[in-house]
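In structure tokens below, several structures.
You will see subunit A twice below: alongside subunit B first, and alongside subunit C after that.
Then we have the complex of A and B:
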């Protein structure tokens, strides 16, 4: 399939290889992250007037889904501040690797590999989302806990243990990065095969070997391999969307689980934040109450039993319609690719539903980030809350329809026949109708 | 590794982190440096902690600025027994007000919005100290001077059967003994008791029972004015209707689901306020008694005490308005069977 190697342009190549641009972005995001935690801890208790709520849950969370992932795959991971401190210690230098490396460098336990913990973390975010998303203090505490956990893990384990196995956002971003239009790959496989020094593998914070890279799920686009390759054999490609989703690409069961958890979370978040049920919102908010346990129970049953059950049913039906004999486990993993465009577009549609309404909060919160009554940028008037317009509703319908269309294409591509793709298309259609109902109906 | 570049990078990281920390810390220090005579007051629902500062002390004549914001929902700020206008406090936004007290004493500030089920608990005090005239905030109310037990049952022994006409009562006024028209009698006697007393006057024996009720209604209405009545109605709607209901029936939103008051459940459980549209309830109460209930509130009934909030004029207005509910309900309401409604 067509690829467009960005490193062919000397200027782009120079920018990607140079450590300073990325370093500066990371230093800024780290300072921003620190400020966010302080704002959350000491700023206004009113979420709409606190930088932590507006920048994390409105600006960043929207930008991740509307911009970073669809146009850059895991590009956010390349400037994410969370693993930075640990990574600098691990490699003994802030700008580039040094000699004094800190950390035990243990290997991550085999039984904890895969996306299971990330999916679990995302479920937890979903269960507590009504509070996390509205309380600046809790947001700050969660961010602080995450950054400390990441630092601790990088002192014990090798490379980016937190990003690879624990970070819920890493799971989310990695899953959907497979559909993203950017990839790091080797230019000529033979060059790497003949090169015995695996400098790229040693340098990769993510533990990837570029020659073996078939999916962008676990590549954080940090460009370290590009910088250390003595053969200039690393390409940074623009590629068609959804390139990692093919009949012959390898996928594992934890990806299927992650994909299903993401779908369930999109449904539940839409139901809480866009649905017409005030009681549901109240239940999600009153953590520890009887109603909340009911909500949590329904959420977990939907995410762990109903949706996976329906998916498994469709997959086993599809398997029966084909020639190739796969175990159910392999079939579940294989068809999980269909969940990628479906989930990505559902999350984009959900984001549109609130981003349009809430984006008006961003400027005021820059003028008064802690909600202490400042006016740093001389805003004349307070921005009012936007309205969800007919335009945003139409856009959501288009995005969901495009998601279903895209999923159908992927499903047909990874199926042996059109007939075999029908059960998964049925699954995707049912999910899309559910999202449509929650967001628009 | 190029040490020069590495050091530059480290300096940059530390510099940016310092900026991130300096903005909130510096901002806090700068704003608190200008905080002489400024009190930062956060309004929160009582469930979230109420006013962040419950007690403010200020010198008489010394201006004090309140820098107020709400941490949850819309609240209002007002000072009891003063003509200071009410201030809206919006979540996350700051509003300032500067107050100067010219009399010493303890003032009560309170929330003016139905912010939550315990809204009325959202109160604080401002202690004004120093050398200066004392405010008359705490003079002894009439019900205490008279020693009225405001918790004792006070149902009217008699009530009119047809709606009395004050206009007709006015025409019979010339027959009345002097004591009937005095303000003191009005304040200390219930309409039913005065009716009974007048009924026993030989000079009025020619008047029919309903004539006599016309006279009593007239006696009550001459103690108030249309302006006072409309002010009483407004206060009733703003402060009382949530519990007592818009019509005074005792069915406000805050008491939904509570049982009606009976002699059996009284004092054991939170009940609804009594039905003001049953004339027995109010025609058996003297203005001093109603004033006492308003000032003190209902012990154990959930009725707030309003003594620190309303001026004497406002209380007079509410009392005057309450009797109009009773008069206008005669012959209209399907009054509930007589019950012992000794509580407010």
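Then we have the complex of A and C:
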């Protein structure tokens, strides 16, 4: 069994085709999103007592990495509330597309396509993470700015311009969705090719044409293609993990850059949030200070020069060991696939180190979401300290080792020979050892 | 030479099973085999830790297994706490005050200690590190990573092992 089409089950098919279940889930996430912004703006200034911090950066951010991406690819994007308002205006209706559509519908500039801006956004999150992740007000302002930017862009550009090209979380989920076990594909290519009306493409908020889909990176699993296809030719498949990472799949340079930024961010976040170095934490926190500029400089040099330089060196070495001639740019893009399982598992390991300890903060903010001394559900209103158990430490080791195992397999699969895969495995091993040292050392 | 293994040769299921069993057994052995601690005579140690927003100084402490450790915690600014993972050890220091507590370092490994009293935005990340004896888990992790890299290579010989292989 290599693919398992969920639409073969009539009940599942009916649920996926019906817009109501998805709409209700999105309504819940929109309500949660709105409450998060209000809690951030008007709740306690102490981050660990505020719903905005605990639910965004501990509950949701952990759920994204531990559940949504590994088991559902871009499934979070299908219920994300951020593009909702813009999408309603663009299609002229809340549940169904209407007649009166709003927006200029311009095409996104060609020179801004790819994952460059998303990678840049993720770099910015890393640079300011010590403040964004701990200040409820800043978190609320960032979320508000994101939703307004998304709305503005949807009024100017066609489809989900913000999600496709700007959203840092979209870049994160898209990159790692290639390793995920869910995909939308056509059932019979011939049926699509013979069908002149491209209703699926017209309906897709992501601008994807299902017949041409080779990667799940840019498919938000919104199911609009499934709903409008008059030939019942869209499948929602469960598939083996990592199916998009193949010797013959096409990748571009911006994916390599995004993958490297993710690796650098995983290292830096592990050092700041799980490490014992108080000076580093303070440097990352005191934005604008001399120490912060030093931190920012080191972070940017590591993320933009050292790690990419080491990667480029390994890719260049690997290229010389093969027979197929590729430009360095194409080789960098081709081998970027190896960064996907490596980064995904590193982020999962970091999340285990981080979230398992901090889950102690979740119940108290449910009881007292604004940090005003309430006790809504009669549970403890004081956060415990949290501890990392021996089990969580061993689990982190296993997850990192599994990531290296998986990456080795992907690297070998996309290489011409064992010998050619060695430089990239050296790169992946060095990164894994770095993560091990930061999390377990 | 093109030995691309996107179409790996068919391998007998018994060989695949043998590989999986050996690999898992080796991984379990690496993770759980008891390792000897370097012998050391337990001593009494007093460690002074200064807590200020949002750091402990020193942030990294090394003791030997069996040591009787007395911690003097002094807070430099606001109220801080010190809670040690996996040890039932907790201190709370008012600003400018020193509190002391003692524990026996009877568990080996690396343990984080954390501020246990909300002291500001970075409070959840105010962390220090206590190493008792050798960090065997890091050593195990390094060896396991080596096994994973070799295992990843070897596993490509088995077409049926499709943990990360999309087959059309």
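Here is the rule we use: the second predicted complex is superposed on the first by the 436 of 441 C-alpha atoms of A that agree within 3 Å, B and C clash if a C-alpha of one lies under 4 Å from a C-alpha of the other, contacts with A are read in each partner's own complex, and residues count from 1 in each chain.
By our rule, a contact is a pair of C-beta atoms (placed from the backbone, for glycine too) under 8 Å apart; a residue touches a chain by one contact, two chains touch by 3 or more.
Nothing here was measured: the structure is a model prediction, and the numbers come from that model.
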Which partner chains sit in contact with A:373 here, subunit B, subunit C, both or neither? Use first/second/both/neither. first
On subunit A, which partner's contacts cover more residues, subunit B's or subunit C's? C
Is A:356 touching the first partner subunit B, the second partner subunit C, both, or neither of them? neither
Looking at A:38, would you say it contacts subunit B, subunit C, both, or neither? Reply first, second, both or neither. first
With the two complexes superposed on chain A, say which partner A:128 touches: subunit B (first), subunit C (second), both, or neither. neither
Is A:49 contacted by the first partner subunit B, the second partner subunit C, both or neither? both
Scan A:165 for contacts with subunit B and subunit C and give back first, second, both or neither. neither
Does the superposition put A:295 against subunit B (first), subunit C (second), both, or neither? neither
So, does A:60 touch the first partner subunit B, the second partner subunit C, both, or neither? neither
Now for A:23: first (subunit B), second (subunit C), both, or neither, which partner does it touch? first
Residues of subunit A that lie at the interface with subunit B and also at the interface with subunit C: 45-46, 48-49
Write out the stretch or stretches of subunit A touching subunit B in their complex. 23-24, 27-28, 30-32, 34-35, 38-39, 42-46, 48-50, 93-99, 369-374, 382
Okay, in this complex, where on subunit C does subunit A touch? 1-6, 27, 31, 54-57, 59-60, 81, 83, 85-86, 109-110, 112, 114, 116, 118, 120-129, 135, 137-138, 140-142, 144-149, 151-153, 155-156, 162-168
Can you check the complex and tell me which residues of subunit B touch subunit A? 1-2, 5-6, 8-10, 12-13, 16-17, 19-21, 23-24, 27-28, 31, 42, 44, 67, 69-72, 91-94
Residue ranges of subunit A in contact with subunit C within the complex: 2, 45-49, 130-131, 134-135, 179, 239-248, 272-279, 281-282, 285, 323, 341, 357-358, 361, 383, 385-390, 393-394, 397-398, 400-402, 404-410, 412-413, 415-418, 421, 425, 428-429, 432-433, 436-437, 440-441
